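In the two complexes below, chain A is the common chain; its partner is chain B in one and chain C in the other.
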Partner chain A sequence: MALSADESGRLAGLLTSHVDQVTQRWTEVVAGQLRGRLSQAELRHQVQELHRALVDALGKGLTDLAAEEGTELRAVLAEVSRGQARQGFSAAETATGVFALKDALLSVMEADQSAGTLRDYVAFGTLVDQMGLFTFESYVRTRESLIADQAEQLLELSTPVVKLWEGVVAVPLVGTLDSARAQVVMERLLQTLVDTGSPYAIIDITGVPAVDTQVAQHILKTVVAARLMGADCIISGIRPQIAQTIVALGIEFGDIATKASLADALRHVLRLTGVETGRRQSRREA
Partner chain B sequence: MTSGVDLSRPQAQTVGSDEDVVRVRQLVRTVAVAVKLSLVDQTKVVTAASELARNTLVYGGGGTVEVAAVDNGRRPGISIVFADSGPGIADLELALTDGYTTGGGLGLGLSGARRLVDEFDIQTAPGQGTRITITKWSR
Partner chain C sequence: MERVPILKIGDILLVSIQVDMSDQTAVALQEDLAERIVATGCHGVIIDITALDIVDSFVGRMLSTIASISRVLDAETVVVGMRPAVAITLVELGLSLNGIRTALNVERGMELIAADREREYDEFDDSSDAEPTASP
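Our next item is the complex of A and B:
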C-alpha cells in the first residue's frame, strides 16, 4: 500500500488547495523536458486532466494505484502514455510527465511548510512512483502492439504476386524467408495461379540475402505445389555468390528452370509460349 | 542500434527463436564485411552460420553463438562458435552424410556448412551437447 488513508486525504487537500501552483510547476517541468514538442495548451490540458483524475481518485479514498478507486486514474494515465507512444516520445519522456508531479509537490510544500511533513512527501512520492511505473508499462505495451501490427503489415506487404504477362505471374521475394512468410508466399502464389489461370510462375529471389537449406526447401515445396496444379515455375535472381553457395551446400534444384535475372526468366517463358503460337500460325498458313 | 560492432572482442548472441537465427546472420555478415571477406565468402559464411544456428535451435534446443574476428598472422578471418547443451550427436559420420536428416530438412545443413568454410571442428557426444567451431579466412 502506497499511502495511509490519512496521507491520501492530506494529499487530496494539498492538490486541491494549491491547484494552480501544482499544475503550473508540473507543466513547467514537463515542458522543459519535451522542449516544445507538445504545445503549451495541450500540455496544460494533459496536466490538468491528470490532476483532476488524481484528486478524484484520492477523494474516493485511493491508497494504492492498483486498487478499485484507481480505475479511472489508471485509464487516464494509460490514455496519456498511449498518445505519447504513438507520437514517438521516448519512454523516459513519457514517464517524466508523471514524475514531474514530485517536483511540483516539493515546491508547493517548501513554500507552504504547513502543507505537509517530510514523511508525507515520501509517502506521496511512493504513489507518484506507482503512477510513473504504470505509465511506463502502458507505454511499453503500446509500443509492443505497434511492433506486432507492423510485423503483420510487413508480412502482407512483402509478398505481392504480380502479373508480368498474359499467363505469367511473378513473386519477387525480398528479405528473410522464414516458415511463416514461406507459407504466405505459397498460399498467395497458388491462389493467384487459380485466379488468373496462369500456366507459368516466376519466383524471383534477387532480394533474398542468403539462400540456406531451409529457404531452398521452402522454395522447392512451393514449386512442387505449383506443379501439382499444372503450373511451371522458374526461379530467377540467382546471383553469382548465391549460385556458388548453393553448389557448395549441395542443394539440387533438379529439373527446375533457374535464371540469373527476372528478365531472363520472362524471356525464357515468352520463348516457350511464343514457339507454340508460332507453330499454330505456321500450321494455319499451311 | 548502430551497425558499429566492436571487433576487438567476440560478440555473443543467444539462440532461442527463429528471430535469433536472423540476428546471428546479421552479426556474422557485419563481422565478415569488417574483416574484408569477398562477397562470395561473405555469403558462404553467412549461409553456413544460418545452417548451424538453426541446428543449434532445432536439434540442440537453443544455445549460444559467438562471433569473433581472428587473424592467423597472414590473413584476417572470422571464427564462429556454436554451442548447445542438447542431446549431442551419437553417430557423427552419419550426421555428416549428405541427405541424412532426423528433422525433415534437406539433410544438407551440417555437411553443407562444412563445405562452405575453411575450418570446421565439431565436438559432441551423446548427452553432452554439441560445440562447433568454423573459421573462414579472407583470400
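Our next item is the complex of A and C:
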C-alpha cells in the first residue's frame, strides 16, 4: 500500500510545520534506546538530516520509497545504517532509529487534532515501515561486505610461502584448512614454484589444529599437482596426536616423504640436493 | 594442418608445443618424434607445455603415449613447464599422467636427463668392471 499524492503532501506539511517537535521527540526515543552510545549532538544531526531528506522527498511528491523521488532519501538512510553497522550497533537498534519517527508523528498528531486523521497516520506509517525495511537491508549488506572483507584478509594473512634455501620453499600452514583456504594455498604454492624455479617444497602443518580426511585430501592434491609440475613436496610438522589420527583414519600418504619437524624436512631436502651440512672443523678443534 | 617443430639440442630433442593440440597434430607429432629419435639417436625428449592453457584427457594420453614410444626407443621423456592452473585441473580430474617425468622448466629437464644418462653409464661401467673378475 503506497502513499497517495494527497497524503504525501499532508505529511510534508505536518513535518515542516512541526519541525522542532518531531525532531525533538524522534531524538528522545532513539536516545533512550541507544543509552548514550551515540552522543546527543551526533544523534540530533543524524535525525535532522533524515528529516530534511524526508521532507525534500515528500516535497517532490514521493509516494513510494522505491520511486525515483526517493533516491536521495534512500542514500541518506543507507549512509546512516552503514555507519551504525560499522560502529557495531545491532540491526534492531538501527531499524528502530527509523521506526521512532512513528512515535514522533503520533505525539504531534495527538497534540494537534487538526493535523491529520487516523487514515493519514496509517498511510504515513506504511512509508516509515518501508524506510525501516530499507535501513535493515542496507545494514545487512554492510555487515555481509564486512565479513567478506575480513575473510579475504584472513586468507591473505594466513598463507605465506617462504623461501628456505636456494630451490627450497616452505608453506607454514596455520589454522583450520577448509576447501577455500586449501585452494588458495595450493595456487600460491604452485605459482611460487614456477616463479622461483624451486624443485622442492615443504608443507609444514605444525599450526593445523586437526587433520581429518578432508584436510589430508587437500594436502595430497597439492602434492600431486606439484609433482605434475616437476617439483617434490615434503610434509613436515606432524605432531604425535596428528600422527595417531592419520593412522586411525587410515590416510595413506604413499611415497610422499613425511617428517616430524621442519628442520628434519630441510635436512632431508638438502641431502637430496647434495648440500653437505656439518659443524665447522675449526670449532671442534678449539 | 599445423605441425609441431622438433629441435635437436645436443643429445636431446626439444618439442615446444605452441599451438592448440588437435587429433591430427597429436598423431603427426607422435610419428615425427619417433622418426627423429631413430634418425638422430637422441636419448632424451623434452616436451615443453608452458604455452598450453588446457590439458585435457586427450592431451594427457598423448603425452603418455609419446613417453612410452620414446622409452621403447631408449629415450627418456620429461614434460616441462606445466602451469599451476593446468596441474590443479589435472588433479581435480583425477589424471595423474602415470609414467611421465616432469620438471619445472627446460633447464631442469635437461639436468634431469643428463643426471639419468650419467647414472646409466655408471651402472654400465660397474657391470663391465665386475664381469671379468666374476668369470674365472
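Keep this in mind: the second predicted complex is superposed on the first by the 215 of 286 C-alpha atoms of A that agree within 3 Å, B and C clash if a C-alpha of one lies under 4 Å from a C-alpha of the other, contacts with A are read in each partner's own complex, and residues count from 1 in each chain.
What we mean here is this: contacts are C-beta pairs under 8 Å (C-beta built on N, C-alpha and C of every residue); 3 or more make two chains touch, one makes a residue touch a chain.
Source: prediction; values computed, not measured.
Undergrad: State whether A:Gln191 touches chain B only (first), chain C only (second), both chains, or neither.
TA: second
Undergrad: Quick one: classify A:Gln217 as touching chain B (first), chain C (second), both or neither.
TA: The answer is first: A:Gln217 touches chain B but not chain C.
Undergrad: May I ask you to decide whether A:Thr245 touches chain B, chain C, both, or neither, giving the answer as first, second, both or neither?
TA: A:Thr245: touches chain B, not chain C.
Undergrad: By the touch definition at the top of the document, which applies to A:Asp178: first (chain B), second (chain C), both, or neither?
TA: Touch status of A:Asp178: first partner only.
Undergrad: Of the two partner chains, chain B (first) and chain C (second), which one does A:Pro209 touch, if any: first, second, both, or neither?
TA: Touch partner of A:Pro209: chain B, not chain C.
Undergrad: Under the stated touch criterion, which partner chain does A:Pro160 make contact with: chain B (first), chain C (second), both, or neither?
TA: Neither partner.
Undergrad: Is A:Arg227 contacted by the first partner chain B, the second partner chain C, both or neither?
TA: Touch partner of A:Arg227: chain C, not chain B.
Undergrad: Report, in rising order, the residues of chain A that make contact with chain B in one complex and with chain C in the other.
TA: none
Undergrad: Using the touch definition from the top, list the residues of chain C that touch chain A in their complex.
TA: 78-80, 82-88, 90-92, 96-97, 101-105, 107-109
Undergrad: Could you list, by residue number, the parts of chain A that touch chain C in their complex?
TA: Per the touch definition, chain A meets chain C at residues 186-187, 190-191, 193-194, 197-199, 221, 224-231.
Undergrad: What part of chain B is in contact with chain A in the complex they form?
TA: 18, 22, 25, 29, 39-40, 42-44, 46-47, 50-51, 54, 98, 105-106, 108-109, 111-113, 115-116
Undergrad: What part of chain A is in contact with chain B in the complex they form?
TA: 176, 178-179, 209-214, 216-217, 240-242, 244-245, 248-251
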